[in-house]
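What follows is chain A paired twice: with chain B in the first complex and chain C in the second.
The block that comes next holds the complex of A and B.
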C-alpha cells in the first residue's frame, strides 16, 4: 500500500503528460511524421517485438559491460589516487580532461582501433561512465572525519582496516551518487555509440542487430517516428529498471543511515 | 523494350558463363574468401544489386564470403577503407575526388553502384513551387557541405537566379530535412530523388523535383566502391570477382525488377514498407550500366566542377581517382 502511494504521483504525472500529448496531436491533427500520438507509439511496441527483443539484449550487454568495467576500474582508481598523492597529481587532470573528449569524433575511430561489434560500444560507455565513479569515490574517501581516522590509528588499525571499516562505508553515499550517474551515463554512452559507431550487419533472420540506438536512428531515417519513440520509451523503461536496481542496492547497503536518521 | 531484351539476353548469357565456370571447377573447393564491404548509409534499395548478388549466390559462386556492414557516420566510410578496417566501401564520386585531392586518401574507385546522381532540389507543389525560378526569395535546406551548396548554386545560376541574393541556404541535420520541408520551415531541400519525393507523396502532398544534372550540375556517379591501394595490389582477383558478381546482380535487378524486389525485401524484411518499395522502383533504372564507372569524361567534368567551385585546389590525373582494370568484361 505504501509502495502504491509512492508510485502514485509519478504515474499520475506520466498519465497526465500522455493524455495532454494525445489531445494536442488529435486536436491539431499533427501528422505522424512530425509527432506521433502516444497511442500510435504504444501500438508500435507489439508490432516490433522481435526487433525489440533482439536489440534489447545487444544494448543491455553493452550497457552492463560498460557499467561493470566503469564500476570496478572507477572504484579501484578512486582508491588508488586517494592513497597516492603523486598519482593523484598525475591522473586527476587527465581524468577531468577525459570528461571533455568529443565523443562524436572519437566514436567512429574506435571502430578502427577495436574493430566492429561490442567493444567500441563498451569503450564509449566506459569513457563517459568511468569519470563520476572515480571522482565520487575519491571525494567520498576524503570526506571521512579525520578524528575517526585518528581514533582507529590509536587503536593500531592497519591502513586496510581503516579503509574497510571506516573510509569505504563512510564514502558509500558519495560512491552511490557516482554509481547512479555512471549507470545513467553507461546507458547514454552505449546508445550513443550504437547510433554513431556503425558496422551493423543484417542477420539471416532479416533483422539488423545494431542495438536500440541503431534502430532509433534507422526508424527516424525511414520516417517511422512511432517506432523511434517506442524505442525511446522502451529504453527509458530499461534505464529506470536498472536505476531502480542500483537504488535498491544502495538502500540495502546504507540501511544504517536510515536507522541513524530515525 | 529492345534494351530490356538485350539486358535479359545479357543476363542469361552471364548466368550460363557462370554455370560453366562453376562446373569447370572455377569455384573450387577452397573456403570462400572473406571480403568486408561497408555501405555509405543504412541498407536501402540503393544497394539492391549487392544484396541480390548475395541472395542469388553470385558472390559465393565467385568464391567470396562478403559481409555487408552499415556505417555509423557516412563521412567516415572512406577513412575506414583507407585504414583497412573494411576492404571496400561506398561513397559518392564527389566525396572520393575531394578526399583524394585534399587529403591524398589512400583509395581508388573500382566500380560504381549508382550510375547517375540522386541529388535534387525537392519542393512541394501545393506551396506554389512548380519551376526552379519559383524558389526566388525562399529557404533551401541542405545537409552536406561543401558539395551541396555548390551544386544548388550552380543549378540556381543556370536558371537565372543569384544564389547569394535570391535564396537563403539553411544547414540542417540530414534527418531533419524532410520534416523541415513538410512543416514549412524551409521551402525546398537538397534530397535524393528516389526517396524524399516518395515521403512527400506519402505525406499527401505533390513533390516537385529539380534534378541536378538538368540544371547545369555535373552528371556524377552517385555511388562508387573504393578500395585502398594495398588491397588492390594484394587481392586484385578478389576485387575483380566481386565486381563480376555485382554485375550479375545488376543485370538480374534490371532484367527482373519485380522478382529482384521480392528477393530484396525477403532478405531485408524490416525495410518492407511503402516508402522503400516505391523507392525501389525509382532506383532500378539508375543501376543500368553498373559497375562500369570508367567514363573518363564524367570524372574529368566532376573534378573540373569541384576545382571551379574552389572545393579542391589541385586536379589529379584521372588514373589517381579510379581504376578500370578490375571491371568485368563488357565495360570497355
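The block that comes next holds the complex of A and C.
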C-alpha cells in the first residue's frame, strides 16, 4: 500500500508529460514522421503485436544470456581477486579504469569477429555488464568488519565458512548495487548491439526478426516514428519489469535491513 | 579447566622500534575460578585476551591447560567482546547458534539447544527478531548465549557489558554469575570498572601500565550476591583504586622521562 502511494507522484508527472506532448503535436499539427503523438504510438503497439512479440523473445534471450554470464563470472572473479592479492594488484586498477572507457563502442568490431546473430549481442552485454558486478562484489567482500572476521576465527571457522556465513551475506548490499547496474547495462549492450548488427531474417509468416534494437533503428530510418517510439516504450517496459524482479529479490534477501525497532 | 600463562611476551612494531605491550606476564586460574583483570587503559588487557583466543600469536610464552603444555592457542576458549558482534542478517536464534553451526552440529539440534537457553535469558519471544530490533542489553544477552552454547571450559570476556547502562548491567551480571555456576567454567573477565570486578570475581588481578604484567592479586572473599554498600566492599574498592592510580602516575612519569 505504501509502495503504491509512492508510485502516485511519478505516474502523475508522466501522465502530465504525455498530455503536454499530445497537446503540442495536435496544436501545431506536427506530422507523424517528425513526432507522433502518444496516442498514435500506443495505437501502433497492437498494430505490430506479432513483430513486438517475436523480437522481444530475441532481444530478451540476448539480455538474459548476457546478464547471467556477467553475474556468474562477475561474482566468481570478484571472489577470486579478493583472495588473490597478486591478481587484485594487477586487475583491480584496470577494472576501475574501465569504468571510464566507453567499451560498447567495440560492438562493430565484435560483429566483424563474431558475425551476425546472438553471439555479438551477448558479448557486448557481457563486456559492459560484467565490470560493475566484479567491482562491487570485491568491494563488498572487503567491507566486512574485521572484528566479525575475528569472531568467526575464534569459532574456528574455515575460510570457506567465513566466506559463506560472513563475507558473502555482508557483501550482499554491495553486490546488489552491482547487479542492478549490470542488468541495466545488459539491456543497453544487447539493444545497442542489435542496432549495430542489423540484418534480418524473414520467417514463414513474413515477420522480420533482428531484435527490438534493430527494429528501432529500422523504423527510424524509414520514417515510421510511431513504431520506433512504440518499440522504445515496449523496451522500457521490459527493462523495468526485469529491474523490478531483481529489486524484489533484493528486498527479500535484505529484509533484515528494513525491520523496525520494536 | 585450570590454566596457566607463563612468561608471556608480546610487542608490536611502532615506527623503527617495537612497542612492548606484554612483558613477562604470569597468570594462573584455578578450575572454575572467576578472575577479573583490571589495569590502566592501554596496558595490554585486550592483547592478552586476543592471544589467549588464538587471534594474535605471542612472541614468547607458554600456555598450560590442566597441567598440560598446549602448543596452539586456538580453540580452547570462548571469547566475548564489548561489541556484541551479532550478524545483522541473522535472526536472534540463528545468531545464537553460529558457533554450533560452524562446529557442524545440525541446525535443528542447535536451534533446540539455543531456544532453551534464550528463554532462560529472558529472550523468549524474540527468537525470530533481527538484532537491530533489540536493545543493547538484549543484544549482549544474545551474544552471551552464543558464547555459552559453545560449552568451552574457559571464557574470556573483554568488557562485555562496557557499553550497557548501569541498571541493565546489574541484570546481566546476575545472568552471567548464574551461567558460570551452572557450567562450572573458568572465567577471565577484563574490565576497567573496579566495582564490576568486585561484584563478580573470586580474585581481582591488577595489571601494570604498559608493558603489562600482573602487579597484584586480591582474593575477594565476600559472599555473593555482593552489595556495593558493604563496608568491606568499599574498603577493597578504595584499596584497588589507590593501586590503579599509582599505576597511572607511574605511567605518566615513565612517559615524561
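Simple rule for what comes next: the second predicted complex is superposed on the first by the 240 of 262 C-alpha atoms of A that agree within 3 Å, B and C clash if a C-alpha of one lies under 4 Å from a C-alpha of the other, contacts with A are read in each partner's own complex, and residues count from 1 in each chain.
Basically, a residue touches a chain if its C-beta (ideal position, glycine included) is under 8 Å from a C-beta of that chain, and two chains touch if they have at least 3 such contacts.
Not measured: the values here are computed from a predicted model.
Within the superposed three-chain model, A:151 lies in touch with chain C and out of touch with chain B [touch as defined at top]. In the overlay built on the shared chain, the residue A:165 is in contact with chain C alone; chain B does not reach it.
After overlaying the two complexes on the shared chain, residue contacts for A:108 are found with chain B alone; chain C is out of touch. Contacts of A:195 after superposition on the shared chain: chain B is touched, whereas chain C is not.
With both structures placed on the common chain, the touch criterion links A:256 to chain C but leaves chain B unconnected. Of all residues in chain A, those touching chain B in their complex are 31, 33-34, 51, 107-108, 111-112, 115-116, 195-202, 206-208, 210, 217-218, 220-224. Within the complex formed with chain A, the chain B residues making contact are 38, 42-44, 67-73, 76, 79-80, 83, 85, 174-175, 178-179, 182-183, 199, 202-203, 266-271, 273, 275-276. Of all residues in chain A, only 145, 147-148, 150-157, 161, 165-166, 169-170, 172, 254, 256-257, 259-262 touch chain C in the complex they form. Of all residues in chain C, those touching chain A in their complex are 50, 53-55, 74-75, 78-79, 81, 83, 85, 87-91, 98-99, 101-103, 129-130, 132-133, 150.
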